[in-house]
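Chain lettering (A, B, C and D) follows the sequence in which the chains are written, and residue indices restart at 1 in each chain.
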Amino acid sequence: MLQAGGSLLVLALMLPVIGILLIMSLDARHTGKIALALMPAGLAVALAIAARVWTTQAGLEYFIGGWAPPLGVALRADGISAVMLVTTSVVIGAAGLFARAEFRQPDNQPEARAPLMFWLLLLGIWAGLNAVFLGGDLFNLYVALEMLTFAAVPLVCLSGKAETLAAALRYLLFALLGSALYLLGAVLLFGAYGTLDIALLAARIAAQANMASPVWPLALWVALALMTVGLLAKTALFPLHLWLPPAHSGAPAAASAVLSALVVKASFFLIVRLWFGMLPGLTPWLGAQLLAALGAAAILFGSVLALRQARLKLLVAYSTVAQIGYLFFVFPLAANPAASTASAALAWTGGWMQLVSHALAKAAMFMAAGLIAETLGHDRIAGLGGVARVVPITVIAFALAGASLMGLPPSGGFVAKLLLLSAAVSQGLWFWAVVMLLGGLLAGGYLFRVLSPALGPLPAGWTPAARIPRDRQAVALVLALGAVLLGFAPLKSYDLLQFGRPAIAGAVTR
Amino acid sequence: MGEFLTGSACFVLAMVALGLVRILRGPADADRIMAPQLLGTGGIAVLLLLAAATGAPAVVDVALSLALLAAFASVAFVLAKGSPAPGKADEP
Amino acid sequence: MSAALILDACLVLLVLAVAVWTIAARETFPAIAGFVSYGLLLAIVWVRLSSVDVALTEAAIGGGATGVLLLGAAARLTDRAGRRPAGIGLRIMAGALCLAITAALAFVILTLPDPAPTLAPQAVAGLPATGVGNPITAVLVAYRGIDTLLEKIVLLLAVIGVWCLTPDDSWGALPAPWGTARQDDAIVLLARLLAPVGVVVGVYIVWVGADDPGGAFQGGTILAAMWLLVMMAGLIAPLPATSRRLRRVLVAGPALFLAVAFAGFAMSGDFLSYPPAYAKWLIKLIEAALTLSIAAMVGVLVIGPAVRKR
Amino acid sequence: MTAEQLYGLCGAGLVGLGLFGLITAELPLRRIVAFNLLGGGAFVVFGVIARRGAAAGLGGDPVPQALIITGVVVGFAATALAVTLVRRLHEETGTTKFDQDELPPETVKLSDATLSGGNP
């Protein structure tokens, strides 16, 4: 832990904020340029943080203003933060490139609403995500979550259509309920332990457990339950997923990509922080099983509903509901008291691989779906006939992303599911393994429904509703390729995920 | 002395409570508009008594803000009802 | 039983009763009248909990800004709840759930550790380094300044979100939050009399905030209320979302805060740290800029976006 | 019973009431009001925790008190965004009601879905 690398953390947090302030105060024609210029800088900072974590094999830490917790606020980056920061800047950068033409301020005309709002909100989401991945303080994380909500909700209804307004309102109400419950939990923890710093909380909770108090303080249980439920509402885990499909399918494609790939993952990340970071070695076993059961239900339910959708963007959104489910297998598999350290580490790596590969694949898929809808003028699956002949690159991107979602080798999704599967099998938790296999089959089913007509013949006399420039298709393709190539990442690189991770297997309270 | 002032605050609060029951029951929205007014004046009285009872001069600032903002809320009330949307007329 | 405890019991009962009314009232308007009362009552609760700073905030927000926002909406929405409340089963289940949560919370609160953990001594010990006398201001601008900075970004994003809800054909038009309400002489008179007083009070509350209860947010909200009052009276026009001037005022506070925070790297080695010699001066400067921005943000949030042209 | 415990119970009650309203209210505007009640309850609980931490000559722990102020501000911003959204929805559709449990329209039967490959 060193204060020196800390300025990088501050920079990662503040770059998007600087962008927002600049765009608000400068002339409209600079809007997109400012945002796009910040994106490579953000990627560089994220990579520098990852490199630092890699070389030191430990987390970075920075006390803001030099005030140490519990009085001050700490920023921390461990292996998973670094991975999330890099993923975030890649996906945000791709979304920026993808949206560059669509959200350009018109030349020599008065400022238009949508472009200005899109770039500001995109930067807002980026700032919120970085704040979540770096936050070491529960209240600071609350503010970060609210930044995310306030940036994500208006993006959903950027078009101003009535159905997107209803979707945004529903999303906002779910999100507000989630943050209120989260805040309440944080308040109770402060009352019981006198700090909001996650590392200090972990130490104080562990000290109490070591005093061999057989009964855990009720405050801890109530707080953990409130915060987890609140964050689940924001993650859209079944059965709190109702808001997600209309919201993610109604947003502009670039925004859907970011929402599905990253925003729902931020609250998942926080649940992991709480369950593994705040309670190292003390993860409640029954709760972990319950989360995995909800995850399993999400996989089955989300996939079946995806199969039944008549519209492409809704299908992709329901696929997100299903894919989120896999993430929750991390809880029982990586915190199984009976599991070996190696098996727990497999599950841990598999969970994060699933998260990153889904982020890339889903971003690509939403972009591809958006481009298909633009070409056809609609996104009805029944009318996809022959679209592969018009926008072949887009359909290839969709198919590659789909391969990763299904878990076909050699994609990143394959490695993720293989790791989770082998952890489940080695721990004798067969039920979860069967659900994962079923989920893969169902994903194959809903993707076949899209690809089969898309590769068919074009209807006679068909004319495109819009011409799609190559570079936008290329962005989707690069992301999809990224999801596939993740499967070739050298095994050694997985170690990054373990740096700064508290020891989790072995000592679990029942 | 402090005990007496606190008791007085308690009395004022009870009176405000009684008034509030009457006001919120309506029947017309115009009656309900008086709720923040009542709490503005009653709240100021309670706060000033408390400021004297506990010897915390800053509480007077709260009373001051309350006075300002209760007046502001009432104006907004009146204006909001001044441009009624269709089908939103008061019941008799 | 002392008089103080009786007062507390009365206050608690009254707050709970008003809350029940707010949830249970059939029509929206009386529910919101109840909510405004709730906000004003909470201000007294905060005084009883020895949090005068929070009481000021609650009076400004709960009683003032939020109430006005909800009232404006209630007057315009023609929706009414259905004749029969939906889903008795849902209500019973929700009731049981909420009761369970309340019971769990109550139990946790009654069994919190004694003596309670506190950061008060540390907060007081750090005061000399910040140069301010009000520990809450020190928490907000120094110890946990990052929260305040990000909270300003949250407010800014909310402003952006509200502007985002402008219909495309009205972008750049003036918001007309109070419709074409007939302008009374009484309101004009009130605005002329009250607004100058309010501005003085707002500035005063910011000014004393360094050493006594008060601060940028409380003062800024009072300033915003006065701005709104003058607009309600029709004395000045609201500013459109495209106004450069408005945007620069919105950004000024957070931008200055951020600049000083980065300057901290150079001046005293850490992001968001203040060199002790200038700390008080810098914090006052930041508070002043934040006050202006907050007043503008709160004002814009209450006014809302321009509506569709008819 | 001490005053802190009394206000603590008040906060717990407000949380329950607000949550109930947030789940069961029919109109979005009423849900927003309920969210504010819920937030108020959470802050009162925090205020009680702050009051219990009175030390060093202060009437309460200043850290939670400052955080409450930040929280109130954030809650206000949330309310503003939600109210504006409701108003715009009303402006576009003439109503603010939206069915909570309804699935998005245009789903197809499972049996058709798997067969709908070759078309048009």
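Criterion: a residue touches a chain if its C-beta (ideal position, glycine included) is under 8 Å from a C-beta of that chain, and two chains touch if they have at least 3 such contacts.
Please read all numbers here as calculations on a predicted model, not as lab measurements.
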Where the contacts of chain C and chain D overlap, which chains show up? A
Minimal path length between chain A and chain B through chains that touch? 2
Using CA atom means as chain centres, which chain is nearest the centre of all the protein shown? D
Separation of mean Cα positions, chain C and chain B [Å, integer]: 19
As a quick test, compute the distance in whole Å between the mean CA positions of chain A and chain C. 31
Distance from the CA centroid of chain B to that of chain D, rounded to the nearest Å? 25
Which positions in chain C are in touch with at least two other chains? 4, 48, 72, 74, 76-78, 101, 105, 109, 112, 116-119, 123, 143-144, 147, 151, 154, 157-158, 161, 165, 167
Considering chain A alone, which of its residues make contact with at least two other chains? 70-71, 139, 143, 146, 150, 153-154, 157, 160, 165, 184, 188, 191, 194
Overlap residues in chain B, where contacts from two or more other chains coincide: none
Taking all chains into account, which pairs touch? A-C, A-D, B-C, C-D
Mind listing the chain C positions that touch chain B in their complex? 2-4, 6-7, 10-11, 13-14, 17-18, 21, 25, 29-30, 33-34, 36-37, 40-41, 43-44, 47-48, 52, 55-56, 59-60, 63-64, 67-68, 71-72, 74-78, 178-182, 187, 190, 194, 197-198, 201, 205, 208, 212-214, 218, 222, 225-226, 228-229, 232
Show which residues of chain C lie in contact with chain A when the two form their complex. 101, 104-105, 107-109, 111-113, 116-119, 122-123, 126, 142-147, 149-151, 153-154, 156-158, 160-161, 163-168, 171-172, 242, 247-248, 250-251, 254-255, 258, 262, 264-265, 268-274
Please name which positions on chain D make contact with chain C in the complex. 1, 3, 5-21, 23-27, 29-30, 32-34, 36-37, 40, 43-45, 47-63, 65-70, 72-81, 83-88, 90-91, 94-97
Enumerate the contact residues on chain A facing chain C in the complex. 6-7, 10, 14, 17-18, 20-21, 24-25, 62-67, 70-73, 110-114, 117, 120-121, 124, 127, 131, 139-140, 143-144, 146-147, 150-151, 153-154, 157-158, 160, 165, 184, 188, 191-195, 218-219, 222, 226
Note: in the complex, chain A contacts chain D through residues 70-71, 139, 142-143, 146, 149-150, 153-154, 157, 160, 162, 165-166, 168-170, 172-173, 176-177, 179-180, 183-184, 187-188, 190-191, 194, 242, 245-246, 249, 304-305, 307-311, 314, 381-383, 385, 445, 448-449, 452-453, 456, 459
